[in-house]
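Each of the two complexes below includes subunit A, the first together with subunit B, the second together with subunit C.
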Partner chain A sequence: MKNGLFATINIGASAFRMQISEFNDGHERIMETLVKPLGLGKDTFTKGYITLDSVYKATNILQMFRHKLDEYGIKKNYKCVCTSGVREARNRYFLIDHVMNKTGLKLEIIDPSDEIYIKYIGVKNDIKGFESYEKKGVLFANISSGNVSINILKDDTSIFSGSLPYGSLRLRQLFKGIPIHSRYKAYNQYVETMFNTINSSLGGASKIKYLVCSGSSVNTLQFIFNPKVNYFHRTELEELYERVKDKTSQENMTALGIRISEAKVLVPMLETYLRLMQFVGTDKVQFSRKSFPNVLTRYYSNNIRDNGFRNRLRNTLYYLGRRYNFDEPHSKVVTDYSVQIFDALGDLHNLGMNERMLLEAAAILHDIGYYIDARMHHEHSYYIAKAFDMPGLDQEQIKIIAFLVLMHRVGTDESTETRLSYLNMETQLTIRKLVSILRIADALDTSHMQLVETVDVDVQSSKIIIKARTRKHAYLEKLGFDQKKDMFLETFGIPVELEMKVLYE
Partner chain B sequence: MLGNGINIAVVDIGSNTVRLQVSQVKDKSYRVLEEYKESVRLGDEVFEYGMITEAALNRLLVSLKEVRAIIDNWKVHQVRAVATASFRGASNYSEVIQKVTDVCGFGVEMISGEEEARYTFIAASANFQISKYHALVLDIGGGSAEYSVVNKGRLEKAHSVELGCNRLTKKFIKSDPVTNTEYQTLKDFLVKEVRKLKLPRTIDLLICTGGSMGNLSTIHYLACGQRADRTVKYLERKHLKKLINDIRNKTIAERIQIPGMEEKRADIILAAAMQVDAVLEETDGEGLYTLSGGLRSGLTIDTINKMGFELPFQSNMDNVRHSRLIEIGNKFSFEERHARQVTKLARKLFDGLHTELGLDKADWAVLEAASLLHDIGNYISYSSHHKHSQYLIMNSDLMGYSHDEIITIGNIARYHRKSPPRQSHRYFRMMTGDGQRKIAAMSAVLRAADGLDRSHKSLVRDLEVLVKPKKIEIKLISDHNLSLEKKKFEMKKDLLEEISGKELIIL
Partner chain C sequence: MSDYKFINREISWLQFNERVLREAEDSSVPLLEKLKFLAIFSSNLDEFFMIRVAGIYDQIDAKYSIKDASGHTPKELLGKISETAHRLVKDQQKIFRKTIKECAKHHIVIQPEIDGELSDIVDSIFNDEIQPLISPVTLSAANPFPFIYNLRQCIFVKLEKGGETHYSIIIIPENLQRVFKIRLHRTYCVTSEEIIARSLPQVYPGYTVVDSYMLRLTRNADLTVEEDEAQDLLKLIEKKLPSRKKGNVVRVELDKTAPDEVLKFLQAHIGFDNEDVYIVDKPLDLTFLFSVADSNPELLYPEHKPFVPYGLTADENIFDKLKERDYVFYRPYHDFGFNSALIRRAAQDDSVLAIKMTLYRANRGSSIVESLAEAARRGKQVCVVIELKARFDEERNVGWAKKLEDAGCIVTYGITGLKIHSKNLLIIRKEPQGIVRYSYLSTGNFNEATAKIYTDIDYITADEKVGQECSNLFNLLMGYTDYADWHRISVAPTGLKSKLLSLIDYEIENALAGKKAEMIVKINSLIDKELIMKLHDASRAGVKIEMIIRGICGMTAGVKGLTENISIRSIIGRFLEHPRIIYFYHGGKKRLFISTADWMERNMHSRVEQLFEITDSNAKDFMMTILSSNLKDNTKAWVLEGEIYRKLKPEAGEAHHNTQEFFIGKQIGH
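Moving on, here comes the complex of A and B:
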């Protein structure tokens, strides 16, 4: 990122926030932060859409933000992102269009997994020694008004990632009909069901050591406790809970000096915190003092990064594969050959590290659909891959992985072509290049018996020769190769041939 | 098991042949020890003179004496002999039965065409996943033909019509080879008669029993170089047509030269084949299965049943189906307790509301599957898990459900949360109007039942449904605080209210 001014606007479920920062050689100076409360989430989570009145109010706030940007002379260096309050509203596109027309601001809806990912790396860059947490087990939770996004990491593997509809405002709306003196019991019961989901998805006990939270709720708690350290202790939260659980929002607002919008969600939020601590088995909730707009600003201006992402992705994919009972040795060698061929053909495909990572991911997952059914397993692999969710991998990347596993087997047929045609040309081309390589790699272990010991890729001017040394005659591999090599020629305009040599004869 | 190891014998006195099957009952199953077949052709005289002539009776007795000898040899515990159309059409049948009893020492039951159809149906269900299909079981005998329409394993209709192939051959075919006029007249007659039966258009499986059709498929299998000794064989309609054309142009002497042709069927086989072709024409079918020994296996199974035993395929179709559902649930790590509780509550709501919602009792089978499997999509991911459930249901082999039923189950599971059914949803759109209506109704029931176990703790012990003119009252029975389930029910009841047109009240 070049030095200069950068602004982010974050439209959350209960407030609009803007931050303007100046960056100078990686050094950030916050020029201005603005917070305007407006509960779009209240509309969205109860009615399913944003009322016209709220649309107008939102537009007014954004108009004001626009003027602020103009004051600083910011024309393009801004990001305006919306989270669940807009994301889940039926009339979200109307809001976006209306705001565009009235203010010229371009709103973007951020995917839940991107949102949590940005927060995640914000925390990761802020908490010392966080990389060791990723090994020892950490539950990262972002409690927002709408959802609780949870990401559990252990052994550098993302073992759970999901956005669950248990946000504080959602809970509050759900139970507002229940009398105040027993409402906290309803929260208690309800939040417990969230852990059913997590537990049933995890399948077994995984020991986690740390709990790290983010979201606007952290700001509220920081205001209440004003802690010197970067964590809240269980006893503090329990005491607060006992004090506020059966009081009205008004009472809590005046007693604690917080905003009414914060007071309204205080009890469900504390409930969620306490249950998370119980789940993890810790007395501390750690947090980062960096606000979301701040993290957004640093993320979009490329001032923070995620060390060890590739390694984590690889671990996570193998973890997923084991969940679907995949043939691990087969996936392993296909992955190795894929990457090896990819690396040897750099001049031919002109693709970069990102594509290499996608090829590797697809090679790990290519047969995963067998678990559902052997018939049409490539379709099942495609389906599972499409639903794969790991913070840090965006929808476009997941789509490419899904297409690679789909096409690894049949190449293209009518239905695949139709689906491909919805993608833009560059993406289609990338997919064809990568899948041509994946098919060759898969063919080299057609028998699933790892007969091939080593592979050399000999790039000649008129053809590519794959030289395979095998343990014994690999008839199936030869057959598989002949069936799958055509796409390579079609894609790269150069034939690929297989030379096999039996090692021990 | 009581009766283990004992031998039983069934004798089928048909219009063409006398058949015997001796079986040993063993471990909820049976195995055939010996079979015997003799062509007696009682029908020839009966259909002509209306009685069993002296000559015919003598042929019968000769054969039955051999049967008696075999039975004695196997020390058979129970003998069951039945006679079909030839006895039914004979004025002197009671004298014949008396004579047989005197000579052979066993009685003969004269069974009706409907009973005949029932035994054939039993045999068909033992050999086919009949509960998956809308099937027609067609038993073409010498004197009569039994049409059994079986819908999803239940016998819907059974007709016994006088379209046996001996009878038809006697009536329509006088020349050898058959003349074009005779052929055409018989064809027209068959088309007309088959049409009269008003067979459902939805038939997707045709199973033929009876010796003539069995012989025809044997001929075809031999011609293709396949093993013909299978109980079940498949014959495509185009091959059936080809066989008909081959046979009709040949004299009987020439027909006998066809490999596999049973000499004593060479004349009548054409009429049987033409009848089946007429049925395929009427039902727009692409082919047929033949099942050999239909009546005999059916009789054997029925005899075992009468001894007080049920074979696994009979007693446990529901159990087999159910355990397969649980197996699929486990494969995708479902929460079994929640799944069972939702199924239990859905059952209660279904029982109380199915008439209000325009559902049939039989619809429970699909709602049950959807209730058990509604959350399996969580295995793929929590977000959109209802859609993942639908995908997994449609791609898992749900035993005992037809294609349409599986799509229905997938749809119901899909609509257990989030959006209600919409025409823009592909798998909803592909259902018929009535199918869509039922999906909406059943997913409404499932939503409510799921809401009533929101805590996943099976807190609701039981519920009662009271249908009143303007409202439906649901009384929940529990020892626990149900505020969460009640709350969730309130949120999830709208679809039920919309479909029933009544207000839903929780008591």
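Moving on, here comes the complex of A and C:
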């Protein structure tokens, strides 16, 4: 955890938000909270780009936020992240460049999975006992202007994760041509299709117990209901829905005292909430009172944690493997050996826990492509791994995992090298180091029969000796090892040898 | 609405100005201070005609004839105003005559007979200072009647040449000194128009000067879009009068000696009604008495020496001291110089990261403005929210803005359509234990000149929560955010009035439940209908309400079945009472607030104002001392009985209590 000041700017689809916090030994003091409405999403979701007028307005707001950073003398300790309103705009790089030139602020586009992950751990850190929800089944949804991001967890496994284009403002823009008295029916039909997507991805019934939501919609509902508890009940949402569904935004704004921007998205937002409750089969939707900028600030300043992430990742990868009918015992031993060799060679590779996690993930998934076809299974594993989405893993990490599974097989072709060459040198080197280890580990179960009982890694000055104790002669493992060891020498500049000893015969 | 009763704000304002005028005949007021009150009366009345009367004319011209809450149509109201204003001007003339006689006894001669040695000096003043500046316009086909600017003194001259009558006008230039003080064995105060009048033959060679008459016009001040009027009325005026000529004449002050033919001639050329004409003795426009009042310090209030309380000095340790407790300052009894020095210290302090400030009205050569510019030059972030709409101060305001911008300050002009009336300063400092925000909230402007004559409260605290809210306020004013959370501070136009209404409601609830319920309200004006109606309700419910309202009051007091539990008093004294302090019994919690807002529609709806709750017990005691002393005053207080004000006098055997004198001697904070 860092002490000192940290600022976060969040450029959302309907507003710009900024928070500055001071951290002192884990204690957070919120110094500033700023909100400036600007509907970038309105441009993006209808036109596909941000109009010039909005770019200038955005720059003006960010200039003011820059002043706030200067006020506190914050030079580097800030993050300025953009979500769907910018992410999906064709001219996003123009906006980023323009803002950089005019304000000196560096905007980063945040991946949907990062966005939901940050929101997710914000909620997790705020709701007591949330860890038990992860076991019993929880659907976490972030309903924002642009997207509805959903993460379903059960038995400490992420069984669904996705950012779906069903945000309230997007729906509103999509159906604005339909007369007000029947527009809610269009929302209803459209939202239904979102659940088709989820159901087809889940591939079967999974009992979920809790529904937890976040996003700007929660603020609106909090304002309307002013709840003493941290949940909204189905009946109050249903009553509200009946009251507002066929009214104009103006009428709803006046009746409820909310802002016009909130009134405009109220009906599609309620539609989504109610349908989510129906899907989960619950009468309560829980929420956290922590704002997104607050969570962002605590996240980027390393002041919140996601306990159990590694375990959840592992469970999720095995869950995925099982869906592809993978050879689980093989994956398990390759994973164990990979980690064991990685840990033993710390001085040689100089990599950290993040890379260890990526190696472990790749070891679990490396043969998943067999489900499609054995001959080119590494290629199939590659794209399955590449499509893997789990909040907490960013695109860069997923890319590395995908390359590891692609290259675990000897004889990678030219196209692999070409694809690899697009990555920066540092990433390429990390991949080569991890692949070298993965290949050795994979070789130790070439037969897929788990003949190796124990492995020791003997690090000597001139060579590395892998001492394997086997149940019986492991001919294929010896052969596989010899085929896969070369990359190790090329990468680390030291040979690796296999010393095999049969324990029982 | 019939259950409620209102007093018209213009009538009430005239009553206030009458109270000011009466100070000029109060025997306890030093002689030259009386002259100041006469001048204030004149200056106030000028503004009243330019803004308020002009507004009523606009309504009449737009054929708006709906009765206001007090039951007057604009036309009826204008009649009432004219009647009252004429009466008051007559009274002012009488008091002026009486006062200058007294002055003469003290060797200060105003409007002297000019002869002998004095005559020679006056002649040379005319030749050296005046003649080069004046340009008479003698009317003819080639020289039509000239445009006479607002509040500009003129001399209308009747001439003869070759048996023919000619008229000529001398518009006295704005840059000409109004009064010349000639110190011989006595001090003679001669106005420039008197000097010109006696030198007219020199101005018009070849003509015979038959007579001359003083003339002064008051025009619609071109600021007529009054934010406190009803919106529909404004729209109507705009619609009906698309080509309305701003600057229409609303008052004509004319020399008593002018014959009817002159009046008719002027009426034909300028265009005004009979009721707009104020026939007065020379001199017109008694604001020149401000310049006379410094003629003898012994005839003024004895100089009082403000002091810096709590043993504070704005040295390098001041921020540690400010962290120890909250501090309340009561100007002008406490020395505002400390507050200026604090800002200077902040500008020079290496740990200060940023300074933010609202500037509504500052004085010329303000050291505060200098300090802010210095802070910016030293690399601190300085944000200044300047209100350019401060009435009649526009030009000066623009001057600061440029100076501050040149020094590198971030200068903004607040929120479109809203005048910024809150007075805040925020100093942000990086200290070893983290960021500390020093908040300074005031009921008065950061103006070193008016700080000597206005009473106001300044509150300084390092309380983090208050710092957060002050920061929120600046973020709103600078346009950095559109939303903020409030706890100790309520801000107009979004939440201040509703906060007051809910606090009054709480008193009503308690009163109806048979519990103790009381409030004390010290403000400058009360005219907001909704608040008045709520106060009526509170009175009927049995809430005991004591109000100290210096100026306009749209509510009756002590009327059975209506306001019988309400007492209202107005204090007019040496200093201009300015702080707004509000107390609610609140079921024994005794909540105390200071505020920048008067209880007027414009303050509640068209300005950024603040209401700040004081929770520090010492500060609360201090506020209660001020309120109690105000309520005890029996020498400078006027009580409202129904719709009429009566000046209080100590009862037989009752001790005199003058609240302002009390605080001069009190040395509170030592």
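In this text, the second predicted complex is superposed on the first by the 500 of 505 C-alpha atoms of A that agree within 3 Å, B and C clash if a C-alpha of one lies under 4 Å from a C-alpha of the other, contacts with A are read in each partner's own complex, and residues count from 1 in each chain.
In this section, contacts are C-beta pairs under 8 Å (C-beta built on N, C-alpha and C of every residue); 3 or more make two chains touch, one makes a residue touch a chain.
All values derive from a computational prediction rather than experimental measurement.
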| item | value |
| --- | --- |
| Subunit B versus subunit C as contact partner of A:Y190, first or second or both or neither | first |
| Subunit B versus subunit C as contact partner of A:L423, first or second or both or neither | neither |
| Which partner reaches more residues of subunit A (counting touched residues only), subunit B or subunit C | B |
| Touching partner for A:V35 - first (subunit B), second (subunit C), both, neither | second |
| For the subunit B and subunit A complex, residues of the former touching the latter | 333-335, 338, 378-384, 388, 391-392, 395-397, 454-456, 481, 483-484, 487, 491 |
| Residue numbers on subunit A that touch subunit B, as the complex places them | 112, 162-164, 174-175, 177-178, 182, 185-186, 189-190, 192-193, 196-197, 200-201, 203, 372-373, 376, 380, 383-384, 387-389 |
| Interfacial residue positions of subunit C with respect to subunit A in the complex | 353-354, 381, 383, 410, 428, 430, 433-435, 464, 468, 471-472, 475, 478-485 |
| Residue ranges of subunit A touching subunit C (in the complex, touch as defined) | 5, 22, 24, 29-37, 64-65, 67-68, 70-73 |
